[in-house]
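Below, chain A partners chain B and then partners chain C, in two separate complexes.
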Partner chain A sequence: MDIGSQMLHALIILFAAIFTDNILLARFLGMCSFLSVSRQVKTAVGLGLAVVMVMTFTIALDWLAYRYILQPYAIEYFRFILFIIIIAAFVQFIEMVIERYSPLLYQNLGIFLPLITVNCAVLGASLFMVIRQYNLIEAVAFGFGSGAGWMMAIVAMAGIRERLNNAKIPRGLQGPGITLIIAGIMALAFIGFTGVLSGR
Partner chain B sequence: MVRQRTGDVVLAALWGDNPVFRQILGICSALAVTNLVLNTAVMGAAVIFTTALSSLTVSILRKWTPRIVRMMVEVLIIGFYVIIFDQTLKAYWPDMSRNLGPYVGLIITNCIIMGRAEAFANANPPGLSFVDGLFSGLGYACVLLCVAIIRELLGMGTLIGMPVPFFSTPLWDRWIIMVMPPGAFFTLAIIVWIARTIQPDKEPKKKVGI
Partner chain C sequence: MNLFVIPIAIISGVSALLAAALIFAERVISNYGEVMLNINDKEKEFTVRGGASLLETLTDQKIFIPSACGGRGTCGYCKVKVTDGAGPLLPTEEPYMNAEERTAGIRLSCQVKLRNDLKIEIPAELLSIRQYVSTCEKIVDYTYDIKQFRLTIPERQEMKYTPGQYVQVLAPQYEKSAEEVYRAYSISSDPADKKAIELIVRRVPDGICTTYLFDYLKEGQSLNINGPYGHFYLRETTVPIIFIAGGSGIAPIKCILHHMQNMQNPRKAIFFFGVRTTRDLFLVEEMKGFESGLPDFKFIPVLSQPEPDANWRGATGWVTTAAEEYLKNQTEARTYEGYLCGSPGMIESSIKVLTGFGIPDDKIYYDKFS
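Let's turn to the complex of A and B:
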């Protein structure tokens, strides 16, 4: 493939990851923090940005580790442990860098970083990348797109939940219950994108 | 005395503290694999296997694990069991392994297992930790199965691939939406709603609204 068509292919993967195959609404990854940190738009944006950043970089690192460490020695089954170590190490590293160079960014993003290590969307994206056999460019596009899709979903959810504060909700449905129903309706809306893009 | 405690642990793990109803933890996979009952059963077995054995291992090693590297050790133990399950599945049931895709690997980040290791196995003897892990996994698998049965029955008119009387006949208009992602959200929401309504609320209301 020449560069142009490869770029186009990566672009299709990017948009597919955001809209038709949203990692949260179609693949159900990253639900825990989605349910617990979606009360305010401001925190949702902070967490979303942190996820986009971590996902884009860790998917590239995971790709390199898979291609150049695991595959040559035929120990692909170690990928679960290796990926999670890479993610944890990267999050720790980025936390220190941000703290050192940008106190302002640290103030806004810092508290969310530890949460991300256990966000299954990050690990999930890397595992999907292995199963679908993406090349490096596609993997980065997929990581960025998944992160952006996740961020979009959580910000939209936070916006809706802020308005729900004054609504009268049955007692058993308060909190997670109503959030799940809203997520269902959002997923329903996202099904409308099916067929817009055919690339995976 | 010991028997009494074991009973309490079992009951709490299955119902009172059920990870899904009570804490809404680890529902990523609860939603993703529940469109077919068979997939769900295998996934449930994987979770039970991992939770029980990793709780046991964490508990056995708890006196020799330095507190600073505790989390890392727990992740490695959990990862070890997940790899065993994943490789076994791949070897003996490759089709199922393909169906479940990345979700078996994602058990590592399933908060339930880490949560049990942190909250229980760290401070309790191995036997009790094993029971706690086993029944936490079982409680989780039960909810998964409930969701899967509802989704497959309403969506495809079958159970474990076998047609069910009434539901597989033309009398029943299949709710295709149930086997698609939104169906998972709605089903789980309704189950959580029912469970929370019957269950006496132990914790006093902390906030008004959400």
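Let's turn to the complex of A and C:
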């Protein structure tokens, strides 16, 4: 494959990860923070940006670790442990860097970073990357796309929930109940994109 | 053999490498150098290593800010005023601040990190708070559920407290508690005694700290305390005083009475001490001693449920009712100052009684157990 078509393929993967194969709405990964931190658009944007950043970088690191550490020794089955260690270490590291050099960014993203270590969407993206046998560029595109898709979903959900504050909801459905129903409807809506693009 | 060794070695190696990288990064990146901490407009100044939280740094400098959660940002007690250098309010602090505190620059000291020079203001009394490794010298049984603990202050150290104030006792980790907890107890001893303080403690069923004190602490063992804290102390006026206390609430009042006796304070004072039965009554002889030692002091123990066979001749009923009866017969009841110490219920009904006689709220001082 020449560079041009490779780039095109990466771009397709990126958009597929955002729309047709959204990691949250199609794969239901990263639900816990999706449900708990989607009360306000402002915080949802903060968490979303942090997820995009962490996913993009960790998927590249995980790809390198898989290719150059796990594969040569044929111990791919250790990828779960290794990936999670890398994600945790990276989040710690990035938190330190942001705190040191950009107080403003830390103000907006910093407190969400520890939440991300336990966001299964981040690990999930790295595992999909292995299953689908992406190369490094594709993996980064997929990581960025998955993060962006996750962010889009949580920001949309936060926007809806802000409006729900003014809605009359039966008592039994308030809180997590109505949120899960909305997540389901959003997922149904995203089925509409199915088949438009495929990144596999 | 290799099937196990190599994979484990590789994974452990990578983990160790990442850990080392993180430690290195922390040294380099999170090194904020030395920063200047300026307290109360240069009343105290420290040059400290940056990077830690303000609460930790102040504790290292032996300045103790009250904190119950240990710096996790969940209790909201460790508030200090930061006048310069803290940056904007963090989302983790917002829930604990009202509008007034936000504009005044109040921050949670456990959330503020020292990244640059900082100017803060803390109340003067917090500056005199120290930590002491005291020794439990003597434990005395007062009743079936109240004990007195005598704690010696280490030599060359002295606790300067105002009679009526309290200290925090650190119950360490022990069988029944996985974490260290601080609990507050009033000082009950004679302030002239500089070598030791005494605390009067009632056992709280399943209480972490009282169980430690009652069942685990032995005479001769050491106990970490810090203090003094609190605004419950005798105001320097000449008006008559009414003390009302229930159970172990007698502690700060006993300390105040010692002080009054040392100073031969001529103020008129009366003390209503409420307990349930004769089994709960203690320190009666000492209080009678104050009656003869002080120019104008009366002690009235009040039993709410005296045993029928106890032959109790003193006052009965609620301690607040007894106080009410007394004030009814005073011509100048509204000039009294009220000092209350006990359970929240007792305090609230006492306040109701006292304000009913026209005693203003700001002349009623209390120490509420919670």
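Assorted remarks:
Just so it is clear, the second predicted complex is superposed on the first by the 198 of 200 C-alpha atoms of A that agree within 3 Å, B and C clash if a C-alpha of one lies under 4 Å from a C-alpha of the other, contacts with A are read in each partner's own complex, and residues count from 1 in each chain.
Throughout what follows, contacts are C-beta pairs under 8 Å (C-beta built on N, C-alpha and C of every residue); 3 or more make two chains touch, one makes a residue touch a chain.
Being a predicted model, the structure only gives us computed values, none of them experimental.
Put chain B and chain C next to each other and count what each touches on chain A; the higher total goes to B. By the touch criterion stated above, A:A187 is placed in contact with chain B alone, chain C being left untouched. When the shared chain is aligned, chain C comes close enough to touch A:Q107, but chain B does not. When the two complexes are overlaid on their common chain A, residue A:I81 makes contact with chain B and with chain C alike. In the overlay built on the shared chain, the residue A:R171 is in contact with chain B alone; chain C does not reach it. After overlaying the two complexes on the shared chain, residue contacts for A:F93 are found with chain C alone; chain B is out of touch.
Where the contact sets of chain A with chain B and with chain C meet, they give residues 78, 81.
Across the complex, chain B meets chain A through its residues 24-29, 31-32, 72, 75-76, 79-80, 82-83, 86-87, 101-102, 105-106, 108-111, 114, 177, 180-186, 188-189, 192-197, 209-210. Listing the residues of chain A that touch chain C in their complex gives 43, 65, 69, 73, 75, 78, 81-82, 85-86, 89, 92-93, 96-97, 99-100, 103, 107, 111. Residues of chain A touching chain B in their complex: 25-32, 35-36, 39, 77-81, 84, 88, 118-120, 123-124, 127-128, 130-131, 161, 164-167, 169-178, 180-181, 183-185, 187-188, 191.
For chain C in complex with chain A, the residues that touch the partner chain are 6-7, 10-11, 14-15, 18-19, 21-22, 25-26, 29-30, 32, 87-88, 90-92, 113, 115.
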